[in-house]
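Next up: the structures, one after another.
Across the two complexes that follow, chain A remains constant while its partner is chain B and subsequently chain C.
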Partner chain A sequence: MSSIFTTQSIQKTRSHALDRPLLEVRNLEVEYWTRRGTVRAVDDVSFDIYPNEVVGLAGESGCGKSTIAHAITRLLKPPAYIVGGEIKFAGQDILEMEEDELRGFRWEHVAIVLQSAMNSLNPVLSIREQITDVIRTHRQVSKKEATERARELLQVVGIDPNRINSYPHQLSGGMRQRVVIAIALALNPELIIMDEPTTALDVVVQKQIIQEIQSLRERFGFSILFITHDLSLLVEFSDRIGIMYAGKIVEIAPAAEIFAAPKHPYTERLMNSFPTISGPRQTLMGIPGSPPDLVSPPSGCRFHPRCPVKIEGVCEQISPQLLAIGPNRMAACHLVAEEVADEQQN
Partner chain B sequence: MRFLLRRLGFYLIALLVAVTINFLIPRMMAGDPVQIMFARFQGRLSPESMESLYQTFGFVRGPLHEQYAAYMSSLLQGNLGISVAFFPVPVAQVIGSALAWTLRLVGLATIISFTGGTLLGVIAAWRRGGFVDTIVLPITGILNSFPYFWLAMLALYIFALHLGWFPLGQAADTDLIQDWSDPVYVMSVIQHMLLPAITIVVTSVGGWLLGMRNNMIGVLAEDYITLAQAKGLPDTRVMLTYAARNAILPSLTGFAMSLGFVLGGALLTEIVFSYPGMGFTLLNAVNTRDYPLMQGIFLIITVAVLVANLIADMAYVMLDPRAR
Partner chain C sequence: MSSRINDAPQPLLEARGLTKHFVTGTALRRYTVRAVQDANLKLYPGRVTALVGESGSGKSTIARMLVRLYEPTSGEILYEGRNILGDKGRKALLEYRSHVQMIFQDPFSSLNPVRRIRAHLERPLLIHGKAKRGKLREQVNELLERVALTPVEEFADKFPHQLSGGQRQRVAIARALAVEPRVILADEPVSMLDVSIRLGILNLMAKLRDEQNIAFLYVTHDIASARYFADETLVMYAGRIVEGGESEQVIQNPKHPYTQLLLSAVPNPEKGLRTGVTEDRGEVPDLTQVGVGCPFAPRCKHVMDICRREMPGVTQLSANRWTRCYLYEDVAERETVAAES
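This part shows the complex of A and B:
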């Protein structure tokens, strides 16, 4: 098998220090200016992604996780606007970039894989054109070199390079998503954002794609921001997990810890709403109620109307802060804050 | 390829049906051209000369199937008969000269209107709320919904009669002899074409603009557009290769149809501007009951629509890999 690095002109050296965050999201605020009113879809969200790390974001539909993905690549379209915060990539603020700078930054450093494998590819262009156009936009290489690189990339994601002249409709859903991943790898980016990359695929193909992504990451060492509502998938796959509710991160912790002992009542409920394949039989529990209408979000803690353990008189009034509750671990809940305070007193 | 062959077969059958209907329809109308001509001469023609008239015009007297057979065989020889109104000029020749005028005027205007409207539609959708979207679109929309003959006559009245910027009608100065190597003649033709062409473009561009804009807006919401932008591709590539190339597909059929109808002439345009094209000729043919001419014109229109559709099919195959 030919190496992906054979095409000299395309490879890139990585110079970013491993102990400094690659991506820093600070106090990010995104609003949708709708006719019904302003919807704050992402509210004061902060998190980091380190080199070679997989960070998962989970939450119900409409909690703002995809909006974050689009904000990082500045792909939000009106009526969505970033109204506050910073997004720094290797120290450089993405939100401050000029159009030209942004165009050069995109895909070179951050690639994105979208939810719908079926619609991510242009139906009238061959996959060769769709891989080579991004290479030729960012690198000074000949058509032949770019095509050679495209063939390598197809091989890397497990597609016969001879299918390079196929059109999207001639490929299955799984193959199409592999092609999109090949496109994402084209410039060897430091970060790949995956916005529910396997949702549109059946379970078997889903598993294959996840394994593929995992082995590619081991090979090329990129970071991943993985967005999904499938917690069981995340726990298996990510290093750290952030749980979102109504536009806020309510808990962020290493995957194993969040799985072993979820702290936030919402995380706990979310965990219980997925069945485990092994282990004792358990009754599945849903979360009563439905996600809030973000035009007029609940006062205090946004989860309080659905929370079974809320503290009367506190939760509906004061919005909890995201507090460190252990090394690498944060949660935004009054109950958890009390526990931590008690422990410190004893 | 199989797709195209199948289409070709379909068009051949459609052609046969159209030719047959074309043969039948004039024969269902009352009166025939020879009798009309005979009546027009008010008895100065003898019944014997009537017989010879039938012969000259190529009318076969006999049962319908014999007429049909004669019609088909002369068609296959490219013989469309002799025009009654322009006796003794053959129909093919009458159509030939009208066709050339129509192709130049209506053909050119249709192509300009389609490309212009489509491009404006792309821009309107790309810059939503911009100048084209908020100013040009409603204006062309209004122009598009005016009754054409009214607008054309208004234009003729204001710009030709009143202001004298354009000639009042005809395809060229009647004093000039048709000579394409003579720059004076060519200039005169262009002058005569300008106003009718502008009225056609102005009244039809809105339809293409609106259609393309709406297709584009649908396509722009697709994920592959978002992905193309995330790839950092230049805006022009995203707009044209990713968005417009997908959005134009539904417009193609409409364009092919209208190209086909070009050969039918823009009837109202040619009447208002007394332009000697196909539409004008068709009107004449109907008024004088010139059956051979009418049949010839209908035949040309039919063939043109079918050929245009075939071209649209081929364009589809070229632009949309899913049709291959």
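This part shows the complex of A and C:
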């Protein structure tokens, strides 16, 4: 058997320096050109992902988090267009890549696991065929070698390799999602983008899969961009978290800090929208109003119509910039900026 | 919240031994899906009972039987102590539904897209004979007021697509309220809504419980929301209700091994990722295959021989607390013996 397919050799030689970002997103702007008008779904978004880091993106439906996932993998289709900004992977600009370069880049360097992925498996192909397809498209190996690798991958994600000839309908939802993760791991990418990977699953299966991903990450050292609306899960799983609202990142900070002391009023209210199974049983308020229609977003800070602490005459006029409010921590809020300025004066 | 369980002597709606089998497959190969087996529950005025379970556990089937969308295979449904399963015909159903209403998960498909909100609320008033001559407009406005869709006149003239998910679910609640029901069965009423607006809907229903004394059945997969909203919580697994009691007790001190597994899997930032269910690899059983024993037996780390042979009966752990698990049977027996001697 070829040596490149033994478990140890799944490890790619990682040439990328650990202290430099693996992925750099700078001032990204994505628009949907719809009949109702132009929707700026992602507006001036910047963030980094370092090697072996889990960065979480949270926000409500329509806040732009999935659009970012699709932009990074260049999977956006019309009417969605990237209209500005840069996305660099290991220094290389993804937005400049030609279609054939992209084919080599996806799966090889960046893989993506979508919420509906477990339903995206081809129903008439066996698991073996679907995994070996990906391997054989990218690597010059025999069918036998690819099958060996596929069995190994199933083992890695906790599926009995003897089920390799099963068809998707013979597997439960949780097992299908594991297969999708196995395919994502097939070429040992440096970054895996997971867009609501467990949302359609029951909570026990979700926990099994999240723990599986965690141990795989420890073993193989890839980075993850983890996208979900479930803040509790995100805080548990991520190193750093970005909170999105109406197309913008409003706060980004280490997970533990965001959980302990959210700074942006939206983050704070969002945290206060989740009932928990421990701690005091108190009345939670949620957030009054609804997320805005991005065809005509609110002026100034996009959260101001729902914000209970907005500064009259400021927040509805001036869009706040994402500013450093501590080491490794940023927020886009006039009130927070004022507080930070006050602290610095004292 | 906690004392409400004891204060309510007479259940408004009760299920006794409720069972639903669906027969599927082809003429040659029939399968029986045992969706719900021997479900017992009581709903009281001014109290919320949560039915918690994962997808396919049978929780929605119970709600649908209670609102008479599905005919039970066996068992009884008692409204104010009277078995209503014998009542047939449109008139009896209409009468029953003027007391027992249902709210569905999907506020996008449960409203008619070509009708204004006003029409959605006038219809139940007219059908159930609750409309007062010349007062219909006021009645609709009042319903919208109760679910906080203000300014009411403005909302009454809108179409469903002009409303957000949360606002549509408020319309669905207002529509249920139109007939002045005493029981509302809410099947995952917030799970399709954005997180920031879920609380608003739960808080609205809590207000209706408190101010109008409505009995709620809250069907959900989210046990944290059950803790928030429900006075009593019942836990379902593969067609069986396996544990029940005051919500806080069930959640802080789960007894049934399945409830313990479920709670250990709920994301909890305070405890972190490394606690919980690593060794569990089990899956919910195929409901055409579940046999006579406890459905959780194949996954249970405490499994005994008897668990595979026979479903355990109800073990009363305290006044408001019970489970169906052999682990607790002899504990209860011992305590009974101790109390008697």
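Here is the rule we go by: the second predicted complex is superposed on the first by the 334 of 346 C-alpha atoms of A that agree within 3 Å, B and C clash if a C-alpha of one lies under 4 Å from a C-alpha of the other, contacts with A are read in each partner's own complex, and residues count from 1 in each chain.
To be clear about the criterion, a contact is a pair of C-beta atoms (placed from the backbone, for glycine too) under 8 Å apart; a residue touches a chain by one contact, two chains touch by 3 or more.
Computed from a predicted structure; not experimentally measured.
Bringing the complexes onto one copy of chain A puts chain B beside chain C with no clash. By the touch criterion defined above, A:211 reaches chain C but does not reach chain B. Shared-chain residue A:261: touches no atom of chain B or chain C. Contacts of A:324 after superposition on the shared chain: neither chain B nor chain C is touched.
Legend: residue contacts after superposition of the two complexes on their common chain; A:103 is shown touching chain B, with no touch to chain C. The wider contact with chain A, measured as residues touched, comes from C rather than the other of chain B and chain C. In the superposition on chain A, contact of A:73 is made with chain B only, not with chain C.
Residue contacts after overlaying the shared chain place A:83 against neither chain B nor chain C. Of the two partner chains, neither chain B nor chain C is touched by A:295.
Here the smallest spacing between CA atoms of chain B and those of chain C, following superposition, is 9 Å. Overlap of the chain B and chain C interfaces on chain A comprises no residues.
By the touch rule above, chain C contacts chain A in their complex via residues 1, 54-55, 164, 166-167, 194-200, 203, 221-225, 227-229, 248, 251-252, 261-273, 276-278, 280-281, 283-284. The touching residues of chain A, when paired with chain B in their complex, are 70, 73, 75, 102-108, 111-112, 114-116, 119-126, 133-134, 137-138, 167, 169, 180, 183.
Against chain C, in their complex, chain A makes its touches with residues 60-61, 158, 172, 174-175, 202-208, 210-211, 214, 229-233, 235-237, 259, 269-270, 273-279, 281, 283-288, 290-291. Contact residues on chain B toward chain A in their complex (touch as defined above): 222-224, 226-234, 237, 241-242, 245-246, 319-322.
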